[in-house]
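The following pair of complexes shares a single chain, subunit A, combined with subunit B in the former and subunit C in the latter.
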Partner chain A sequence: MSVGADSKSLKNLLQGQSQLSASPLDRVNQLRTNAVNQVNILNLPTKHDEDWRFTDISPLTKISFQPVREASPLKNSDVEHFYLTEAVTRLVFIDGIYAPHLSTQIAEPFKKSGVVVSSLAAASSENLAAIESHLGYHTELQDNIFAALNTSFLHEGALIIVPRNISVETPIHLLFIATQKEVSSHPRCLLIAEPNSRVTVIEDYVTLREETYITNTVAEFALADSAHVDHVRIQRDSKEAFHIANCSVSLAQKSNYQSVSIAFGARISRYNLNVLLKGEGAECTADGLALISNRQLADTHACIDHIKPHCTSHQLHKCIIDDAAHAVFNGKIIVRPDAQLTNSTQSNRNLLLTSKARIDTKPQLEIFADDVKCAHGATIGQLDNEEIFYLKSRGLSEVTARDLLTYAFGAEVIERIPVASLKLRLEQVVHKQTQRD
Partner chain B sequence: MIYQDSKTLLKIRGLCATVNNSEILKGIDLTIKSGEIHAIMGTNGSGKSTLAKVLAGHTSYEITGGTVDFEGKNLFDLAPEERARAGIFLGFQYPIEIPGVANNQFLRLAFNTAQVQQNKDELDPLEFDDLVREKMKLLEMNPDFLDRSVNENFSGGEKKRNEILQMSLLDPKIAILDETDSGLDIDALRIVSNGVNQLANKDNATILVTHYQRMLNYIVPDYVHVMDSGRIVKTGGKELALDLEKHGYDWVNIEKTAAVGA
Partner chain C sequence: MGAVLQNLINKPYEHGFVTDIESDVAPKGLNEDTIRLISSKKNEPEWLLDFRLKAYQKWLTMEEPEWSNVRYPKIDFQAISYYSSPKPKKKLASMDEVDPELLRTFEKLGVPMSERAALAGVAVDVIFDSVSVATTYKKKLAEVGIIFGSFTEAVHSHPDLIKKYLGSVVPVGDNYYAALNSAVFTDGSFCYIPKGVKCPMDLSTYFRINTEESGQFERTLIIAEEGSSVSYLEGCTAPRFDTNQLHAAVVELVAMDNADIKYSTVQNWYAGDENGIGGIYNFVTKRGLAKGKNSRISWTQVETGSAITWKYPSCVLQGDNSVGEFYSVAVTNNYQQADTGTKMIHIGKNTRSTIVSKGISAGHSNNSYRGLVRIAPTAAGARNFSQCDSMLIGDLCSASTFPYIQTRNNSAKVEHEASTSKIGEDQLFYFAQRGIGSEEAVSMIINGFCKDVFQQLPMEFAVEATNLLGLKLEGSVG
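Moving on to the complex of A and B:
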């Protein structure tokens, strides 16, 4: 064990932190100080850590990443191909820095009714109380060096607040654009959905260059009673990049969190999703698709924690693994003693397209209540022969049949995205990636 | 219908096939000529679906004996997709569900593959949409089925209609319909049967695998074959199906024993 290498790489990742100017928000400054301490205590995880057994992030230590001081001067025309027609409200971040000139405001009627979609740094005084009571509370830094690192750099980030009984009809697009090599960015999202509110949020990580960089995100979603949030997360970072993400969701009574998370990009990606079903009758769906090739590694660790009775959770996580790529899925479902009448399903299905492709999957059920319905399973395989035969019996060639089925395997998850234009675009990506020639 | 100047489409001689080393087909002889409609009946497990799938080229079955000649070619030289393109169509007893593959996309791919095979122009999505909707109207199918995944969560009867829709798009030379009638309600049976009848002409042939007379009331067979334990044990005209319905399969076996005894 080389402690030297560890501390060196950490110093690397903290570079520039001390130059951050103090935030006008006390809460932010306090979180930062705390987080820097954590980063200094913690080590970068290695494959000896149970949670990182299959994911070797040591390549991260070989590169010196710098935070970006100034956003690249991008114009709308440079990035508008990433925009989504349905999403009239958009926050754009370039290498982690908020770009107001590319962003669009929430429509006036919503603004009037108190909906906030802005940079965290631009939050107005009316929202301080909400921020004070949520920011940083949903993310555990104790054992999570990446979340701590993100919090050390806490500065701008996306803030969404949807007040009580308000339903925002059009999706909100949080667009994070990478443009430079060997930089680090620490995007942050905070979503506060007040009682009986409704909103769709698209968290979208894209790149303009196939370079090596690190995106290290933290998202916190707080759903109050009967709030409904659709969360679409698209990770299409550079195939040379590192993407580490922590998303924590807290669900109050009868609230509903529907999420689809797609990973196409990054050389190494890790997505930690933590969902706390804290109120009776809360519902959560957490679907995912990793479509990877070459030497990519995509790791998803999900933990769905049933604390109160009568909650449901459904998770379908799929991986299509080509070439020598490697996918990891760890799906933990906890049902606490109090959480009677829990209904939970989890399914991890993996399609290995070559003999070198690899999946490590580990569903984990920890059930401490007796009156519960939990179904979980993992499958690893090639395409289904009966399906191939059916298609061939209609004249489709072997190659066409296989491509179509591979595509379909991924499309099942894509189809669950509630934003038509995004769905279409992602279908095209999957289509392209699943064509053999 | 039986025509004077018909062509032999399919000639099956002594066909034997095994699955997982157990012999299912034990010497099938069957000749199908253009214009004809054949019904194959027989007890559960007698090998009807096996025969159908062997003809379509399913790879789970090993051919252990016999020959199948399709329009002068050795059928076994053709891969399943080549058989389909050459005009063999299997309407599955249990059509498989393919989540994620849109029905309209699948139908268009299949249709255009057949078009290319026949040196005809492929249809673009809009042109195809018009065509498929027309075909669906004939089968009284709701166009909503186009946007759904292939057969996914279709009811039993809806799956069967979707099979006939595919048949009508592909216009095969030999259609093997494996229990297409099972799962159809009374109206659907009539509609689907009409669809099959409209497609039947003097150049193609239809093989209906069925357990019941009711479909044969609409699609009148020229020949009825009875399968038992991997063999065709009796062949007759359309009245054979009525006799079977009246007397059951034991009657065939008694007849058979009597014939052997004579």
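Moving on to the complex of A and C:
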């Protein structure tokens, strides 16, 4: 791929950036300027870059994407099937633009105690200090052109602040709806969990039409001492779309981050999850499931970085790959010199359903401390013939037995989602997809 | 525990000495003339010179690889002498005629060749720097039709075989160092096992790097015809020097139907001093082609030396039902760096591979496993099992694993697991409770950790390997 193609496509992706109005927040303007500079320096990654070796994003350069000019006029009835019964607090973004008429406010008692769930642009002055000290600090823009691109368009975005000692019982639903063709959207999330707070966040990417568009997200999660965050991330974009996501999590002492990430959609999707265990005794669980078919490509790059001692991390990533789909997994665990008594496990399990399905996996360990417990494993295979035989001996047909086992393989991850209605809904999707006709 | 380990770790290199033999050294630098000089010195036929020049042209277009997890100052390829051969050069028929100085060198190493050859029944093709000086047991091998000798000799006596197989497994442009080797290789070993022959003894070569600042570019080619089998041993020691020496060898194995090649290495080149000064750069390309049905290629390596090791003995499993194996122990200490592992390329149906890698790092060293398991769409029913364990001694060293797994066939089954551990206080306490001192306990734990690999080594090598680990880490291993 020539350099010319790169710069052209980048220009395309930066289209409309200069028309953005200046933000009332100085920090945002400053981040944007810096990010535009980065975008101009960086090249679009190719298969020659180690991090993108198996994920060819050159199809992205063939299409001209623009930020949405006019928001689609959606009514509640158009999108209410995406709503979750448990999640009474909801922020809705249509093609990246905040839709206040579809969103719901946080319940009054929480609002009084200082919980903030709002658009970044609508943040009130008392939250400025918190935003200034976190926004853009957790995501590295160097060598990450997509994060830089997202930051260039930083404008609205989801802001969640949970103050000290507050536990928000009901999950917060961040719903990102794509509606238009050849549109680029750059959703941004910032979650600040103050000491000893607790919250569940659902980041949900959906579409109303099977179109080609690009969603390029950045999420930053900052957990202070003893904070607990459950994070569910569902990517069910159009099967023609591109979905690039960066999520950076920073964990202070004894904080706990539990996440489940599900990828069903997108023609090409890439999820970068970076977790920094910065305080002693922090815990992290990062599970994932990719269920893909046809010519889809789902790429997950996770980096769990143990900086301080006594931290724990567990990761289970599963892929079910049908037709000529292609899954990529790269899981890196770093244990820094100081991080003694780290306990870290990682497991990547892959199920190939057809002879054209493809998987490239690389579970990686980089260890610089001696008193640690680290293990990783990767398996690739098909359904166990003995398990199928067992079910057949119980009177199930071959097809039913296979469906059941495939479903069970994926359901192990879905089961870890702490929101019942969402779990049920996703189980149905997995069930439907794993049913052979 | 700290003090004991410190003592164990700081054992000086015992094989550091320079043998005083006059060398015929080519001027430093690399260009077409150097290659022509090497070729003419060795009276090579035209086609081999062409092979070298082609490789050189290819090398010029390539870039030094930088992806590995090792750091070193840039190598000046023009500051290396590409040819050195010890004098006198007259052909020797028996051990008695070998230069006594050379024999003394082997005695210092603790492997007197005569005794070793007699006791162990091992034919040793002695490579001293780059020219083969003496070959033993040749007659006995010739009786069953086995050709085993120096590469240079084979170029003249069996040009057809060399022409057919040279570069067939590792093409000249395979990688930067393989291209360099193809251009300037000086000598090496050649081994041909005819159809249906089981090699009656383990074949062995002793490599030694001797002249200061002379790069060593060995070339090994082993061909096992249908139904044959061979076990090949390679052991390495080198004297102490303060300038880094480059070693870029190429080893090619070819196994036909039902053939079996077992290749074992013990590598204990000079690793540099405790401050990381000096030591060998070991950039080796080793690859076996399991060409025939039911063929088997097995690599076993014990890597304890070299300042930098960059080595990935690989198997291309082309024949149906062929088997590839890789057993490795890599020990790094002080400022040593090792980036080693294997590649298993499954092409044929029902091909199987096993990878067992044990890495031990101590001091400030850096030990990485880098491996690739690739299942091609044609490799129905392929099976791989990989296990990579690391042990860290002290908190200044590091261990990394970079396993690449690429699968294009859904009937394949691939498993990979890796773990990291240390020698626990509780383990040492348990030994102490049974009356076993910490030094002995450490050696037992480490030997237990490496047992799966040592079991794969031929008997006499297994003893040597255990001793080497002793030298490196433990002091005295029973």
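We adopt the following convention: the second predicted complex is superposed on the first by the 436 of 437 C-alpha atoms of A that agree within 3 Å, B and C clash if a C-alpha of one lies under 4 Å from a C-alpha of the other, contacts with A are read in each partner's own complex, and residues count from 1 in each chain.
In the analysis below, a contact is a pair of C-beta atoms (placed from the backbone, for glycine too) under 8 Å apart; a residue touches a chain by one contact, two chains touch by 3 or more.
Note that the structure is a prediction, hence the values are computed from the model and not measured.
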Three-chain arrangement built on subunit A, subunit B and subunit C clash or fit: fit
Partner chain in contact with A:415 - subunit B first, subunit C second, else both or neither: first
Subunit B versus subunit C as contact partner of A:368, first or second or both or neither: second
Contacts of A:340 with subunit B and subunit C, given as first, second, both or neither: second
Angle at the Cα centre of subunit A, taken between the Cα centres of subunit B and subunit C once the superposition is applied, in steps of 10 degrees: 70
Touching partner for A:386 - first (subunit B), second (subunit C), both, neither: first
Touching partner for A:394 - first (subunit B), second (subunit C), both, neither: first
Which of subunit B and subunit C A:404 touches, first, second, both or neither: first
Residue contacts with subunit A in the superposition, subunit B compared against subunit C: C
Partner chain(s) touched by A:208 [first = subunit B, second = subunit C, both, neither]: neither
Touching partner for A:121 - first (subunit B), second (subunit C), both, neither: neither
Lowest C-alpha to C-alpha distance for subunit C against subunit B (Å): 15
Touching both subunit C and subunit B, counted on subunit A across the two superposed complexes: none
Contact footprint of subunit A on subunit B as seen in their complex: 56-60, 79-81, 83-85, 89-90, 92, 95-96, 98-101, 106, 109-110, 113-114, 117, 149, 166, 170
Subunit C residues touching subunit A - in the complex, by the definition given at the top: 67, 375, 377, 390, 392-422
Contacting residues of subunit A [partner subunit B, same complex]: 385-387, 389-398, 400-401, 404-405, 407-412, 415
Subunit C partner contacts - residues on subunit A that touch it in the complex: 50, 54, 337, 340, 350, 352-382
